[in-house]
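Look at the two complexes coming up: chain A is in both, with chain B in one and chain C in the other.
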Partner chain A sequence: MPLDHRRLRGPEESQPPELWAAGTGAVPEKEEEEDAAPQDPCALRPLFARAGLLSQAEGSAYVELGGGTKVLCAAWGPREAAEPGAAAAAAAAGGGRLLCEFYRAPFAGRGARRRPGSAAERDAEREAAAALREALEPAVRLARYPRARLAVSALLLQDGGSALAAAISAAALALADAGVEMYDLVVGCALCRLPGPAAAWMLQPGEPEERRAVARLTVALLPALNQVSAVLGGGQGSPPDDWAQALRLGLDGCHRLYPVLRQSLLRASRRRDATAAAATTTTA
Partner chain B sequence: MAPPARYCVPGERLCSTEEATAGSGTYTRHGFIFSSLAGCLEKRSEDSGLPVVSVVRDAESQLLPDVGAVVTCKVCSINSRFAKVHILYVGSTPLKSTFRGTIRREDIRATEKDKVEVYKSFRPGDIVLAKVISLGDAQSNYLLSTAENELGVVVARSEAGVQMVPISWCEMQCPRTHTKDFRKVARVQPQFLQT
Partner chain C sequence: RRRFPRLRTVEPLEYYRRFLKENCRPDGRELGEFRATTVNIGSITTADGSALVKLGNTTVICGVKAELAAPAVDAANKGYIVPNVELPSLCSTRFRSGPPGEEAQAASQFIADVIENSQIIAKEDLCVANGKLAWVLYCDIICLDYDGNILDASAFALLAALKNVQLPSVTINEETGLSEVNLKQKNPLIIRKHPVATSFAIFDDTLLIVDPTAEEEDLATGTVTIVTDDEGRLCSVHKPGGSPLTGAKLQDCITRAVTRHKEVKKLIDKVIKSIKPK
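Take a look at the complex of A and B:
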């Protein structure tokens, strides 16, 4: 039979590409909803934290939660307070000022809920920055830095749920890495409650769960002093016992996350001293 | 061989106040000493009383000018009532970012304060040793004073651009043009002079 030279001929047998696509995580929405149900509500997602990675900032930290929430945070030590007018309130208290910024990368969300760069996005960022400040202020010894301002900037690289909680932990690590005097590290933990008559509170929700949740809560805790610095969030009303139980669950989650953050900070201190010692021996 | 250094994080409980006294980088609460910095634990024994526990970081922590500290600053502008300066060094440690300070006319000299003329004491570009007298309120900057013999202008350039030599406590002379200029000169301590 005459050969067909004008076309590329594929193999005789062919299989659908979905066979090879299993397990990559780019799964359609309905499969995720089926997986969400049997998830253990008290299970914490694996947390990776590293401090002291940026060279251009005095302190920095990167926190990643298993499941795709990535936050990068940088902190700068005391600088002169810039606007004298606005500092009147803080100077009356006699301490320094903590300035927080929270930015969401344009590629952070899968299927953006808001158009990046729109006013709604900026409002959400400003709200998150105010929440960050509320959670961090009790932990920093502002009285030791009169008339100075400390700056913290958090960048959300990928949003996979519990973004604000990860940002709080990263910001506290960055401040401690910058050498700012603090009373304690701040650990953040997020919870949410899914719709349904007898739904229980769930620790560290993923992105689809957060989107469907009727109530969300972020708790910030100072673990060594056992003090809560901020409780943020809200949603559908329920009996106060329910909220109290959610709070207890969140605090327990924070206590369990604290050793990881502590270890990363110790490792960063050791790394910094080792590089400083190596630099002095090479120059001396 | 030095013992392995013990690192601590902010909020870590170090010991009770009965065993030691709190040093820099720590704070006390409920009768215990907690760490306030992420750094190395240091225990120094004092002759009188308890050892002092402090937490140090190798990199020099940012010093803020404190009341009573002698600072080195550079004059950026003058006025008939005060001189505005940028604070560069606190003691002998350089600051990473400059702070702003003000030297009022009545704080330039200790005697004859009303006869002082700022134009005859400082000029823009002079390096001045001053002492912090107040942190200032919300609107103003750090308040500095040079009302002592050891404080005042240390380095000044004449109009010819040459560094001037001090002749007395109120005059400096340019070595090239031999013109005399008025400055409030500091009597620098002999141990700081390089001869």
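Take a look at the complex of A and C:
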């Protein structure tokens, strides 16, 4: 691995302690799996969303899925496009650009610490950022911001499964909180199918389920308009009906999550109005 | 209190001077007053120890992950502590995405110095088997919201996260020579010292204000950070250039830092005690 001169160096190689826990650790894991098996595949994990919590970003949102996925997202409204030239051609086509970033904290995953700055990490982040952009672009009224760029930055603090879906929801909330004009909020929902002949699709898998899954799917929906903005996923092949059923299950999940996100946005704007009113009364 | 919004944008220094003349600051604080400090421990369950610290708006999260590695050849009985401060583009528009910039690198080095100078953890305690196996503590400190005084918040988050770390016990099997980890039996880290950082911004070469916000840091002519230890002992002074300080002023800083140490220690103890029943 090439030396990263900008970060402090530790040992060249290190392994997580779980690797050596073979003897004693394996048994409790199996018990965990058996407990988790009888789980309602249509059950949604409790979702906590809060918008407007960062002071330095124009819009921000924090989404937490019960069981441990934590995503923080910040968004900035229209700013002048940074590079002329190459971007001019794209800008001439009308509309602004949406730039997305996705960071995974080094301590976000169970097991080995991800080394920040490594090539594998950067590739994964780039992929996730592209997926985020794909899901958000249809919802933002880019035509209203010609030659401008809107920035979204998502940070995954803890990965407990369904991370991309949570990031999509958080990013849409942050954009709305920043006052960017949008057609609708984007709600993300993840599904996965566990190995086994009669396995059904499961909504919002946790981290152990995602690891064992043979097929994964993330859907992004604009609920009020009932339009799908992105379908991302893949895995073991199965008849098209199976995937269609999974899609329907995912969209249903998105519809159910929508009110929670709307509520958090309403509460954030009320809070903002309250602080603005308090500030004006002190100046008066 | 009148706000003068136009003066604040057009002539921020003049705006600040008006407040400093009255011995206070625009956000209502006195010159020696810290912002409201909160700490939350153990929220990241994928990390071996974690802490979230808020100093006013400045929010910093520290996650510690413990891994095993072979000790270095020239320090066969020592483990490693590797700090890494990240200032992502999320925390402020002044930072661009990509590899760590100057400020992040300087902050990482500062934290490494605090660890080294204060001996917060003896690296010998991290050794499992001399020359064969030792613990590596990766301390990743990520700023979520940047409103000044990143050093104090990072040092505090690091201390709180390390106090939260539980390491599984490792034994070397005598017969096979292989290591065996028992994930069910966990022990807390031995924290030997509790270093606390207190930062000041220097205004107009003379005035010292504690816990500067980002706006105050931009207007300052210099900064100084004092790191104190338990029992009111001075651990290190970090003064990267900027306005020169008289000995008397430095002494004032040290005195304020010692008081701050007591406040922070009390806060950490309270939080640790509240999560004790496990």
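Everything below uses one rule, namely that the second predicted complex is superposed on the first by the 247 of 284 C-alpha atoms of A that agree within 3 Å, B and C clash if a C-alpha of one lies under 4 Å from a C-alpha of the other, contacts with A are read in each partner's own complex, and residues count from 1 in each chain.
One rule holds in what follows: a contact is a pair of C-beta atoms (placed from the backbone, for glycine too) under 8 Å apart; a residue touches a chain by one contact, two chains touch by 3 or more.
What you see is a predicted model; the values in this text were computed from it and never measured.
Enquirer: Look at the residues of chain A and decide whether chain B or chain C touches more of them.
Expert: C
Enquirer: Go through the superposed model and pick first if A:L194 touches only chain B, second if only chain C, both, or neither.
Expert: Neither partner.
Enquirer: Classify the contacts of A:A220 with the two partner chains as first (chain B alone), second (chain C alone), both, or neither.
Expert: neither
Enquirer: Kindly classify A:L142 by the partners it touches after superposition: chain B alone (first), chain C alone (second), both, or neither?
Expert: It touches nothing on chain B or chain C.
Enquirer: After the superposition on A, what does A:A246 contact: first (chain B), second (chain C), both or neither?
Expert: A:A246: touches no partner chain.
Enquirer: Between chain B (first) and chain C (second), which, if any, makes contact with A:D159: first, second, both or neither?
Expert: After superposing on A, A:D159 lies in contact with chain C but is clear of chain B.
Enquirer: Identify the partner contact of A:R262: answer first if only chain B is touched, second if only chain C is, both if each is, neither if none is.
Expert: After superposing on A, A:R262 lies in contact with chain B but is clear of chain C.
Enquirer: Could you look at A:A167 and tell me whether it touches chain B, chain C, both or neither (first, second, both, neither)?
Expert: neither
Enquirer: After overlaying the two complexes on chain A, where does the chain B footprint on chain A coincide with the chain C footprint?
Expert: On chain A, no residue contacts both chain B in one structure and chain C in the other.
Enquirer: Which residues of chain C touch chain A in their complex?
Expert: Of all residues in chain C, those touching chain A are 1-3, 43-47, 50, 57, 59, 61, 63-72, 80, 82-84, 86, 88-93, 97, 99-100, 104-105, 108-109, 112, 136, 138, 140, 142, 144-147, 168, 170, 178-184, 214.
Enquirer: Would you pull the chain B residues touching chain A in the complex into a rising list?
Expert: Against chain A, chain B makes touches at 5, 7-13, 25, 27, 29, 34, 36-40, 57-59, 61-62, 64, 96-100, 135-140, 142.
Enquirer: Note which residues of chain A are touching chain B in the complex, please.
Expert: Contact set of chain A toward chain B: 77-80, 84-85, 87-88, 91-92, 139, 141, 145-148, 176-177, 179, 181-185, 222-225, 262, 265-266, 268-270, 272-273, 276.
Enquirer: Inside the complex, what are the residues of chain A that reach chain C?
Expert: Counting only chain A, the residues touching chain C are 4, 6-11, 13-21, 23-25, 28, 54-57, 68, 70, 72-74, 76, 101, 103, 105-110, 112-113, 116-117, 151, 153-155, 157-160, 282-283.
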